[in-house]
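A, B and C label the chains in the order they appear, each numbered from 1.
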């Protein structure tokens, strides 16, 4: 038994364990599918269970239960020993900075997904089937391969400020550009509310690759006869983009926007690494992390997590409506 | 154009698929397409936009790459772009010092962190994708009661920040006596990946023309057979694409590894995060560390990129 | 570098014992070179001998394991681990060392999940307080540890490891924060003397401004530190409170017996502001006053090397932050002097340190805890730290073992009878303040030029 749990620091053992795990997984899944497929006329619930069951079980254990636990915690004090009703929510809402935090979060969730999706779409369209398509896509995809913390460090470099003083040289590219054009270097991260957008740039920089990848694939899926018909109607260039491309990939756009919006709401790494939420740049996710893991205030942290969930409800509702629509068409 | 006609377009796309279900790669329209592509790129605006975005997206990374080869004091004294002038003037501006520090100056061999990253990532990609594929198929093609509600619930779970799940999960693992092993990391990553994986794959799964599935059903195929023989082949590119995303997320993950792992199972990210030193003063070493850990994701991306370029539904929808 | 030395040393130790065996077998034949394996550069820990007797009462510990969780990552991690060698040699216990920069956030997670390490090196008493009051997780220190601390440490240090009257955590290392870094060469060139009093310091500052025609801002500072941005400024304020308001007020202040925005405290803010918020005095080579908020504290002293700045207040551990190749010595590139007080008779000194929390009371854990709290450990650590950057306020520490002159100077400040040491107040305040609004408030003090009164009021209002 020990062999399966502790691989020590022996690489061969580790790889073997990995293969065993995958094999074990394949066997188990195969068995499940075999069992639901075996009976001649398997009842539908059994088949559904075979397909959806494993995922639901894992989600219930790993996400749903902790999620419900968090909702419960949000009504308790900092270490969960005492029920305090809505106090945590009251604290969150009466915090002097809180309106700023909420406003910033709204700004993030509106601006970052839309910008990333838009840029990803534009880029996908303009490089589509060009000679350098692969290379061009790789360039924009590259930031996806960097962790959020890594990306934040990269951009901190870009925004870095050095004074116009004696022999001091600029080390941040953006300020260097300003200096080249004869301007005075700027303390970018202190410029409110501009600094919020500068932080968003990091997320947009990462997520554009994601948007581009999925949207480019959807554009590929637009049937040629539609494009051809539109062309015969005299559409081209921007008209084609607006009247044919966008409506045809609408479902994919919704998916991409939703996914990036969810990521945006959850990501705190960028804010933490670049400003630690100072200078009016904090967002709910950052406050949540701060309270849960820095201040060890489980109750307040939980309340902020619940708040994230509330913020995302409109996104969910919108998606459900889109799904209904698609369903009707189908 | 209204939503309705967009829907019509999507349906039309569906029909197009059935017609070309031969999954032949070279379709008759290909040459014509190439011609059209040429026409499109002659638009100077499009080219300009493409170049601007590509350059803007690349410069920060190039900056970090150059920085990672510069000596510590230079990094703080002048911008990375100055190296080009200085190098031209024949000054020694590059140094391998940051890489030496990152690669060799640790009590643990960097190789073992690479091994751990591999061992963690592979199952953490294969397992959730398989489970998500099955679930996505169930949600898309099996009619069962409460399906829509369940699907929305799964979709909504995306918003749960994984931070809140860590303590309950770890507690369970400790009770089960498997904490600190690979199993907990695999399982945790698999769970966290599911909502998005199901959501995205379901989206592709839906785009498979109904007629294809119906035809198989009329032939007497059960769901398991349809899943393996009809759906899976069509979805291969989508799976590869999502596989790359999942690979990147797991490879770059620090949090799960840190909480669920142990010194024997820590991946590369844990080591890279430490490179900044106890008090954060050695962050220049991070620049080299970041590139060392980026190598593998880049190789994976470049080798699987053809799937992205081809479109996410294999053979289908090709004109 | 140190890491490789440590790894190599282990193999050398084995080689050496092998050689010793060989030597004893051939003792009659050859008595030539006996000390073959011990010449390894600058690392004395392997040869460092301790008295094993204190650990015998814990029974036979051979083959057992103790896990340690800390924030001390490489390269300092390697010297930390090397300092455990004498204990491992004595008892046969294996120490499993795990370090992470995220340890402060991760430790409570592990504790709540029922998976704590045996020993955690807590970087500040606030974390100990949280772990005890909130999770009831830390075990009281065993009597042997308490005896060691009573013998080797000033009682105030014992107090920082005590929560609600129970002594939990022995101090490990100490930091001395009341230092001002400068360039000896630049001082010589300008004909400046190291200032002896606070007024001298201000006079020197003005002198530098006058001499350079206002071209040079004498001071440089930076408080950016990732998610802990603001802490270096809290040290500044604390140091000034100690000097302008005195240690008694300081004690009342961090215990909240007087409000945070007490007039004497606001006065201290203003006194610090005379330097830190004076555009003529800061921020040498780094920008204006607001640049203090965004400059990484790790880089803030570097303008001294370029001659763009003359003075940088930072703790003794800033020694290890200087870029590779910088000599830290009285006649080197940089050195530091004690941040002067109002008179030369008193030496209030801001200190900080790590503490040893135990989550398990197995004998081997207690034995290891005992070792860490002993003077033997302090000396082993000093011997295992060839590049310096480490001191302890343990009375038993032999200053001669310290590697650098600057470390010896730090130890001298700690040992000086005139020194009145006070622990970093932000570490002792409730974390909402000490690791929250105090940090944030100081950052805004620079970034938005808030008045001292406004900042102090805000922080007072956030006191739980």
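Note that in this section contacts are C-beta pairs under 8 Å (C-beta built on N, C-alpha and C of every residue); 3 or more make two chains touch, one makes a residue touch a chain.
In UniProt terms the chains read B = Carbohydrate ABC transporter permease; C = ABC transporter substrate-binding protein.
The model shown is predicted, which means the values in this text are computed figures rather than measured ones.
Peer 1: Among the chains here, which has the CA centroid at the largest distance from subunit A's centroid?
Peer 2: So the farthest one, by centre of C-alpha atoms, is C.
Peer 1: Two chains share more C-beta contact pairs than any other pair here; which two are they?
Peer 2: A-B
Peer 1: What's the distance between the Cα centroids of subunit A and subunit C, rounded to whole Å?
Peer 2: Distance between chain centres, rounded to whole Å: 39 Å.
Peer 1: Averaged over CA atoms, how far is the centre of subunit A from the centre of subunit B? Could you give it in whole Å?
Peer 2: Spacing between the chain centres: roughly 12 Å.
Peer 1: Could you list which residues of subunit C touch at least two other chains?
Peer 2: In subunit C, 109, 226, 306 touch at least two other chains.
Peer 1: Out of subunit B, which residues touch more than one other chain, so two or more?
Peer 2: 76-77, 167, 254, 273, 283
Peer 1: In subunit A, which residues are in touch with two or more of the other chains?
Peer 2: Residues 293.
Peer 1: Could you pull out which subunit A residues touch subunit C in their complex?
Peer 2: Subunit A reaches subunit C through residues 78-79, 161-163, 165-168, 187, 189-190, 272-273, 275-276, 278-279, 290, 293-296.
Peer 1: Please output the residues of subunit C touching subunit A within their complex, sorted ascending.
Peer 2: The contact residues of subunit C facing subunit A are 104-105, 108-109, 130, 134-135, 215-216, 226-230, 283, 285-288, 290-291, 293-294, 306, 308, 431-432, 435-436, 440, 443-444, 447.
Peer 1: Using the touch definition from the top, list the residues of subunit C that touch subunit B in their complex.
Peer 2: 1, 3-4, 6-7, 71-78, 81, 96, 98-102, 106, 109-110, 112-115, 225-226, 296, 298-299, 302, 305-306, 317, 320-321, 323-324
Peer 1: Can you list the residues on subunit B that touch subunit C in the complex?
Peer 2: By the definition above, subunit B touches subunit C via 72-73, 76-77, 97, 104-107, 166-167, 170-171, 173-175, 179, 254, 258-259, 262-263, 270, 273-274, 276-281, 283.
Peer 1: Where on subunit A does subunit B make contact in their complex?
Peer 2: On the subunit A side, the touching residues are 4-9, 11, 14-15, 17-18, 21-22, 25, 29, 33, 36-37, 42, 44-45, 47-48, 50-52, 54-56, 58-59, 61-67, 69-70, 119, 122-123, 125-131, 133-134, 136-150, 153-155, 157-158, 169-173, 176, 205, 208, 210, 213-214, 216-218, 220-227, 237, 243-244, 247-248, 250-252, 255, 258-259, 262, 265-266, 285, 288-289, 292-293, 301-302, 305, 308-309, 312, 316, 319-320, 323, 325-326, 329-330.
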